[in-house]
Amino acid sequence: MIPGERHSTARGGIELAGVTKRFGETIAVKNISLRIPAGSYCCLLGPSGCGKTTILRMIAGHESPTEGDVLIDNENVTGFPPVRRGTAMMFQSYALFPHLTCVDNVAFNLKVRGVPKAERHRRAREMLARVRMETFADRLPAQLSGGQQQRIALARALITDPRVLLLDEPLSALDEFLRLQMRGELRRIQAEVGITFIHVTHTQMEAIALADMVVVMDQGRIEQAASAREVYDQPRTGYVARFMGGQNVLSGTVVARGANTLTIKSGAKEVTLTAPNAPPGEDALFEAAVRRDHIRLSRAASTSGQPGVNAVIGRVAAIEYQGTWLKITLEEACGEEFVVNVPDNIFFADPLSVGEPALAQWDAGEIHFLAAGAKASASSSALGHTEMATAGER
Amino acid sequence: MRSSAIKLSSTTVSYLQVAPLLLVLLAFFGIPLLMIVGVSFFEYDGVSSVPAFQFGNYTDLFTSRITLTLYLKTLEYALIVWAITLVIGFTVSYFLAFHVRNILWQMALFLLCTVPFWTSNIIRMISWIPFLGRNGLFNQALMGLGLTQQPLEFLLFSDFAVVIAYVHLFTLFMIVPIFNAMARIDRSIVEAALDGGSSRWRIMWEIIIPLSKTGIALGSIFVITLVMGDFFVVNTMSGGHSASVALAMYNQIAAVQYPFAAASAVILLLIVTLLVAAILRLVDVRRELAG
Amino acid sequence: MQRDLGKRPWTFYVLAAFFALFVLFLYGPMSAIFVLSFQGPTGGLTFPMNGVSLRWFSALFSQERTGDFAGGFTRSILLAIIVLALTVAISVMAGLAFRRRFFGSTAVFYLAVASLIMPGLLVGLGVGLLYQTVGVTPTWFGSALGAQLTWTLPFGLLIMFAVLSRFNRAFEEAGRDLGASNWQIFWMVVVPILFPGMIAVALFGFTLSYDEFPRTLLTVGAENTLPLEIWGMTTNVTSPALYALGTVTTLVSFTVIALALGSIAMIQRRRSRRISSRTPATDDNEGAG
């Protein structure tokens, strides 16, 4: 369809250049720049209202940016209708045409392009076979289950031979079992067709399991765009650390500095940590994260004792058994909830019970320093993030 | 690739899409309405109207004793019919919405109630004549049962007949909006109230009636405006013994007294508007109407 | 309401009886007319029946007894078809327009609502005065058509609001995504999906026009529509021919209603039907059913 650029092996590289989207007074997307490599599986992850669906719709051409440009394979496609972009979208509701059979739904694109009936049905049936739905060709969408409808929607999008497939919360309407099954299927099909998949989700584990690249968003901004492992293990900001889970965030103002340590006031407690190479000055905001599963937990005499460096003392507030490990929640340990994941064999060797004081310690190497300062206020947004993205900022 | 030749903004598309509706409504409702107001100030004699600007028609209207009688009679009809249709409409809707459990049965019975809406009002009205007449079915039944020796005379061509016909014609306009409102009430609220030990009467007063309010208001607007604007039911069913504002207006038109009829129309419209505004003040139906 | 399946409260029976009486009240008089239209040649306007005959139906076609039945009937059907077509086209377009807020949308909406509750005789008077002032002769296909549209269009618009509130915009976006032009989206996606709603609008357009009386009375011009013929008969025809006419026009209405509701039901059934015998080989463990 589009001359040039299409001969290269990987297609569907995307670039957003300074993209802003306003809806009246509210700003849904704030000056975002992002590069998504061709042929990758990218997940846009964030709470509802963070702007991720708006980005998807701008790439698809169902919204146009207020400012900035959308480029696909180095071609500026801003203002192009969807079909000229070489994108295809899979809608959250699937949007299968209720009056058309599955094969006619899949053949819709061929029909509007004037492909004769026999030819378009043949190709539609081939595509149905690819998503293992060939025996359902003559049914209407209402006669299918949610998972089956989704495969039809996938086939209908793929038949346009897109270079980018855009998926808007594709798994949210499915039950747990089907979701896992379809997750694998999506990954398989993406590898098969070798085009870029951009998948919007609000489920962290879905993003991590699927994506080559995870883009974590909040309030119309990108908090971090990196590989799944990096986003989970080395979150850039407190927001990402809290949103992804798996990390405890220690956040507060610096109240004292030692030789190679610093002490922050976090909530009512003071926490002393090994300082980073370039330590912040006093009264500065400081944030660090420690993985929940890289912490040692032991019984303490009382909650008022001094924990020492790289440790906190709190009271066990909750114990949740998770099979191979236990999730232990401490209260009064620092300014926010502090969770330790303990392997079951270690925990049951000397079980703690709710209400007991406990000491949590970690090695200096486990401390991951976060970019504090500008986003220090994120602690509030991480908790009540649902409506935040609508609050415009000037 | 061919690209779309003309790019229309979405607002332009909206205006183009709504334009036919607007044109028809302006040409056949808006402008005629202004015509009525304008002509109401004209002068007239026995054969023609003369353009003028004078309030003679209105002073004639307000000084005539018949005017007040007509309005009182019309309002009386409206009030009686409103009360009866409300009771019937509410009861029927309540039965359909809360006592018929099978959704197919519910739809079928609802349709049974609405089908007459799509048939001729005049035919439905005159179908009461063989029923209520001197030798009508009703009198024959009464005499057959020995309840009365003489046929009852008041049945046909009376206020009674007028009200019966109104109720027969207009109850649908109550049922449809009230049923719609009731169908939207979440059944679990009623369930929860029942579990909480509320009596059915309390549920009725505290849940069902408040949540059906918009439907009741819409139905009331329909019924009241229909009765206030009617002339042919009064004409036929009262047998000339009674009249309404619209019937008087119709007679003025027949007598080619257009300016006078127009003045009556303006006053009737004002009163209907006031009644509708009063209902809208009590209940906000805008959201309901806007879907 | 699963709690008291099987055992119904006593109020159910009271309300059911009330409902049955109401239905009797609705349909009883109409069925009396239906029976009386088969009155024997010497029978009168009331019971008892003096034999059974089709005489009053054939009387409809002799002008000296009943006026211009055939002409009125033809005009009414034609007018109803024109109103139907215009109501569907204009209401669908306007309904689509109202999905976006535009300057003046509230004003247009209130204009439509006002037009809906305006007493019909007043619409007729206004249109009549307008035609008189402009100097155009009123006709059933001109002034009466316009007057009827002020009544059918608001109904059509309200039905379209209800229909479109359940119409997902994603259908149009999917069409655009799949390369359809605006025109193709309209004809291949929007119209087919909205079709049942459009039948409902058509039903209203046809029947409201076919039976319209107060708006038509002063705007029809020289040639009457059927309801006006009937109105004339109520004052000067004192034979069961009046009932025969009532039976005929009600049967026409019933046919139209049955056609409309039947086709809506058929489309909806087709779209929501589930095939009970599913192919097990490809049904890969999906629990839905």
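A, B and C are the chain letters, set down in written order, and residue numbers restart from 1 in every chain.
By definition in this document, a contact is a pair of C-beta atoms (placed from the backbone, for glycine too) under 8 Å apart; a residue touches a chain by one contact, two chains touch by 3 or more.
What you see is a predicted model, and the numbers here were worked out from it, not measured in a lab.
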{"item": "Shortest path length from subunit B to subunit C (each step joins two touching chains)", "value": "1"}
{"item": "From subunit C, the most remote chain by mean C-alpha position", "value": "A"}
{"item": "Computed distance of Cα centres, subunit C from subunit B, in Å", "value": "17"}
{"item": "Averaged-CA centre spacing for the pair subunit B and subunit A, given as whole angstrom", "value": "57"}
{"item": "Computed distance of Cα centres, subunit C from subunit A, in Å", "value": "52"}
{"item": "Residues of subunit A touching at least two other chains", "value": "81, 83"}
{"item": "Sequence positions of subunit C contacting 2 or more other chains", "value": "181"}
{"item": "Subunit B residues counted as touching two or more neighbouring chains", "value": "4"}
{"item": "Contact set on subunit C toward subunit A in their complex", "value": "168, 170-171, 173-181, 184, 188-189, 192-193, 195, 270-275, 279, 281-282, 284-289"}
{"item": "Subunit C-facing residues of subunit B, complex", "value": "4, 10-11, 13-18, 20-22, 24-33, 35-36, 39, 88, 91-92, 94-96, 99, 101, 109, 111-113, 115-124, 126-131, 133, 135-137, 140, 168, 171, 187, 191, 194, 200, 221-222, 225, 228-232, 236, 246, 249-250, 253, 258, 261-262, 265, 268-269, 272, 276, 289-291"}
{"item": "Subunit C-facing residues of subunit A, complex", "value": "60, 62, 81-83, 87-89, 91-93, 95, 97-100, 108-109, 111-113, 132-136, 139-140, 142-143, 145-148, 156-157, 160, 175, 177-178, 181"}
{"item": "In the complex, subunit C residues that touch subunit B", "value": "1, 3, 5, 8-9, 11-12, 15-16, 18-19, 22-23, 25-30, 32-33, 36, 45-47, 86, 89-91, 93-94, 96-98, 100, 102-103, 105, 108-109, 111-115, 117-123, 125-127, 129-130, 133, 146-147, 149-150, 153, 157-158, 161-162, 164-165, 181-182, 203-204, 207-208, 210-211, 213-214, 218, 227, 230-231, 234, 242-243, 246, 249-250, 253-254, 256-257, 261"}
